[in-house]
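Notes for the one structure printed next.
Chain lettering (A, B, C, D, E and F) follows the sequence in which the chains are written, and residue indices restart at 1 in each chain.
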Amino acid sequence: MWFSIRLDDHASLRPVTVLDAEEIYALLDSERERFGVWLPWMDSVRSADDERRSMAMLAEQWASLSGLMGALVVDGRIVGSVGIARVDKDVRCAEIGYWIGSAYEGRGLVTRGVRAIEELCFEQLGMQRVQITNDVDNRRSRAVAERLGYTLEGVVRRGHVVGVGERRRCSDLCVYGLLREEWMAREGRGDGERAAGA
Amino acid sequence: MWFSIRLDDHASLRPVTVLDAEEIYALLDSERERFGVWLPWMDSVRSADDERRSMAMLAEQWASLSGLMGALVVDGRIVGSVGIARVDKDVRCAEIGYWIGSAYEGRGLVTRGVRAIEELCFEQLGMQRVQITNDVDNRRSRAVAERLGYTLEGVVRRGHVVGVGERRRCSDLCVYGLLREEWMAREGRGDGERAAGA
Amino acid sequence: MWFSIRLDDHASLRPVTVLDAEEIYALLDSERERFGVWLPWMDSVRSADDERRSMAMLAEQWASLSGLMGALVVDGRIVGSVGIARVDKDVRCAEIGYWIGSAYEGRGLVTRGVRAIEELCFEQLGMQRVQITNDVDNRRSRAVAERLGYTLEGVVRRGHVVGVGERRRCSDLCVYGLLREEWMAREGRGDGERAAGA
Amino acid sequence: MWFSIRLDDHASLRPVTVLDAEEIYALLDSERERFGVWLPWMDSVRSADDERRSMAMLAEQWASLSGLMGALVVDGRIVGSVGIARVDKDVRCAEIGYWIGSAYEGRGLVTRGVRAIEELCFEQLGMQRVQITNDVDNRRSRAVAERLGYTLEGVVRRGHVVGVGERRRCSDLCVYGLLREEWMAREGRGDGERAAGA
Amino acid sequence: MWFSIRLDDHASLRPVTVLDAEEIYALLDSERERFGVWLPWMDSVRSADDERRSMAMLAEQWASLSGLMGALVVDGRIVGSVGIARVDKDVRCAEIGYWIGSAYEGRGLVTRGVRAIEELCFEQLGMQRVQITNDVDNRRSRAVAERLGYTLEGVVRRGHVVGVGERRRCSDLCVYGLLREEWMAREGRGDGERAAGA
Amino acid sequence: MWFSIRLDDHASLRPVTVLDAEEIYALLDSERERFGVWLPWMDSVRSADDERRSMAMLAEQWASLSGLMGALVVDGRIVGSVGIARVDKDVRCAEIGYWIGSAYEGRGLVTRGVRAIEELCFEQLGMQRVQITNDVDNRRSRAVAERLGYTLEGVVRRGHVVGVGERRRCSDLCVYGLLREEWMAREGRGDGERAAGA
């Protein structure tokens, strides 16, 4: 039992805590090769202890509503993450990020998680825009943004660093944006209560 | 939509955030007279701004699993709170506290909330003991602890301060305890997975 | 020469400083076995360096009148400690703790030290209540509280952790209290000047 | 006399200090209307005291090489600024920003300042990319980036907030990038010594 | 009762705490005119609240043995101060400062207090040198240093700021020094135990 | 290219940054024997990493105008340092310090650097007095102060610690002072603009 958002009969999403550090480290470590190709932070995942510090920091971010690492949980185990970063309360913009273990790809879990987080961003946190950024060659990740109707607004040359160890290199970064009214149209709903005031 | 624990078809429990400050301040302010008699902190609830600072601090406590203010939510509005304080990770003991608006008393909401928090304490946080403390003359609060099978372990003379403004005074404090095995027996369950290791 | 309270012709009490770390470590280390049975913090006394950090922190606590480790000094050497912890300026309650090296037991030094600290608490710091807590099986410590007329207000089950290393375990904790007027009656004195205002 | 980079016989660039706060506040205040249209931070420039805090913070940023507010000085008076923000030491990217008082526009001072800062970024700080962002409708600012050969990489919809007071609103943001080798080609030079190692 | 050093049958010296703030403020305020002429810090003594912050800070300094404000107490009331500043643990040098209310001048209290502090510096804190600095025109203060055998080592021109309000001005500062062996000779004693090791 | 003050056709002075740590460490390490005799801080120069921390701290000091380590640069390489320490904004006094590699002694570089720093102190920072302190036996350093017309105001016995490792010892310290009007007379100039107001 934990504070969570239900995604379907088996899956839910909840903020990580330090208690998740070992489980998350084990999962990331098993996907090191695969995730390292596209995710900038994979190179800094080095031990369960490091993850404990990261989880503590991410939990604090959520406490101040300035970031979130949400654990995607299926039948009690963590299988991936959907979260929020770079929350800009002035511009009312936030960035959504995600990853999922290979054994759970293809079930729509990430898409359901992103939609839950979008709702949180637009309804609770009063955002006017969310964005997804990903490597120009990361097709699976770009497909999520595109299926959800995000607009590709630009490609920032050498905009992030990816790769693990010696293969670490600068690479080009796509910026996909979704505006509040685009989200409402896509979800078929009127303006939420909280939106104007937050 | 928010990360929460469902208590029944209408009620749920979730950690507070700064976004709740105004709603909570309005509720506490409307119950100032009644809560001031027994709750030590009522005297320091002075404005929505103060509550914003409190909520920020309480959210941080939950981020580090050292405390929690859980909002009792019924059909989308906050009607009370069940939370955790004085978490002692060494002794594996935590204190459960609660309050509820007068309009929602008598429906068993507090009891359901306390049971959810107990489960969190014993199953997720690895506690060996939870306790409830309340004023020796606060019958409703003592009744919650007694109905849930807590043992009255002592009465600390002048153990807390209650009352608002000029009526502020030292008063005697009951200490009720519930051990892990007592909880398991009451709930009719064997030892949870996480208990030993957390 | 040091800032101190004289207890008798040979003994005095004074706040510890970092300069005492080595002497205190040597004393605690020589009593590790004996103290480890009842004192929760004995397990964390690991080196003179650790003690230096502890002494620095305890000296800072005294600077803010929020705690005190008082060194019991006999003819220039430290033989034990009487101090103050858990100062609650709101409730006006503080906890008195003590320990003494086996070579100096039975001379009434702890009792004299506790009485000096009680006077400090009630006269200077404006406390309304002091308490002593100790393990339910720690007869010598309980005898000190009982001889000084404290009331046993409760026994908190699994209320602290005692023991060193592998023998570390939860154990039941006695709570003894002494109210301001009980202290005045015992000491045969009227209300001190500072008491009401501090 | 101050630590500065000479731009021409009359103009130089130097990091701001708290001593500049009043002069900078007076200048910004006199251009409030004009700058407020395009610069996101103009709304937070409220008093010389505020500027003192800003200058102190910006000086600290330069101390850690994580940002710079450079004062454009002509014959001893501050007439504008060219600086560095959002330094990402991992991605080796930094953002260059600038503004100039209307009385000094059209003399190429900003362009000279930007070129000095580019050299600092690529030669001393080891950047691989610099970027300039500006409002989609801010023609003068976009013209600077374009004249210097930057590539327009994207337009982030609702990517920043501009305007002062009641006219404050979200607006679209251009992202212009210049890569290290593009800068070297433009400046007609081979790779600097420090570049690889910094 | 407080932790103190006895100076004679009526007088003692003890570290200040926040509890002394009001008494000390009243005393300083009553001597504002007189002290303001020579003491650099008199201009910043503005309210009991300010003093509370000062006392808190000075108590913390003593906690880390990096400074001390000692209250000179005669028959239970504070009449002046002898203290330690600018402790340099590397050079093993400290500065002794003092002031006394006019009603208590001429009884040798300051001299007794300075001697107690000298002993603390040389015996407990392991200093190799203590110094006294005072305004070149402050005859009474210079007389204390001279009577105790300090050597005038220099006069620093514009070495401090004295005076209150509009009369605040730079003034010349005497530096008087006393070496450890000079102190021992003066006091007729061999080397103390702690000196070498502290 | 860096923010700097030009001293002559080949030499300039600029605030250090962390990027200089390795070059400075190599230089100091090569002069360890020679500098260790007179400079108190030589004993704490232990690795390029230590220097990185020092440079970061010194850069922060300059950011707040409370200290400065200026690198003397000749044809692109660091050959020594002239800087500011112990800035007292209340007394308007600062201390100037310097050192230079043996290969660059005798060219007047230190003198030119000190004069630049004096101008910074008196014109920009509003100082009323600068001072130079050095070991009583450090002839070369004393000669710089004397050639520039400083007054020897005192010799503080055991006023600093010099020497490296086992040869570390207390030694006597000269205090040389230069007042604002003495500097103006020496430089043949009237009062600078900024002097009164800073």
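Here, a residue touches a chain if its C-beta (ideal position, glycine included) is under 8 Å from a C-beta of that chain, and two chains touch if they have at least 3 such contacts.
All figures in this text were calculated on a predicted structure; none of them were measured in a lab.
K.L.:
Which neighbours do subunit A and subunit F have in common?
P.N.:
Joint contacts, listed by label: D.
K.L.:
Expressed in steps between touching chains, what is the minimal separation of subunit C and subunit F?
P.N.:
Between subunit C and subunit F, the shortest chain-hopping route counts 2.
K.L.:
Between subunit D and subunit A, is it the same set of residue numbers doing the touching on each side, over half shared, or a different set?
P.N.:
same
K.L.:
Please identify which of C-E, A-B or A-D repeats the interface of B-C; the criterion is that more than half of the contact pairs agree.
P.N.:
Duplicate interface of B-C: A-D.
K.L.:
Would you mind checking which chain's C-alpha centre is most distant from the centre of subunit E?
P.N.:
If we average the C-alpha coordinates per chain, A ends up farthest from subunit E.
K.L.:
What is the chain whose Cα centre is as far as it gets from that of subunit D?
P.N.:
C
K.L.:
At what distance in angstrom does the C-alpha mean of subunit F lie from that of subunit D?
P.N.:
Centre separation, subunit D to subunit F: 32 Å.
K.L.:
With chain centres taken as the means of their Cα atoms, state the distance from subunit B to subunit F in Å.
P.N.:
61
K.L.:
For subunit C, give me the residues that contact two or more of the other chains.
P.N.:
Correct list: empty.
K.L.:
Thinking of each chain as a vertex joined to the chains it touches, would you call that graph a line, ring, star, complete, or other?
P.N.:
Shape = ring; chains linked end to end, path closes on itself.
K.L.:
Follow the ring of contacts from subunit A in the direction of subunit D and write out the chains one by one.
P.N.:
Following the ring from subunit A in the direction of subunit D gives A, D, F, E, C, B.
K.L.:
Once bound in the complex, which stretches of subunit A touch subunit D?
P.N.:
40, 90-93, 128-129, 131, 151, 153-161, 170, 175, 177, 179
K.L.:
Okay, in this complex, where on subunit C does subunit E touch?
P.N.:
1-5, 13-15, 17-19, 56, 59-60, 62-65, 116, 119-120, 123-124, 198
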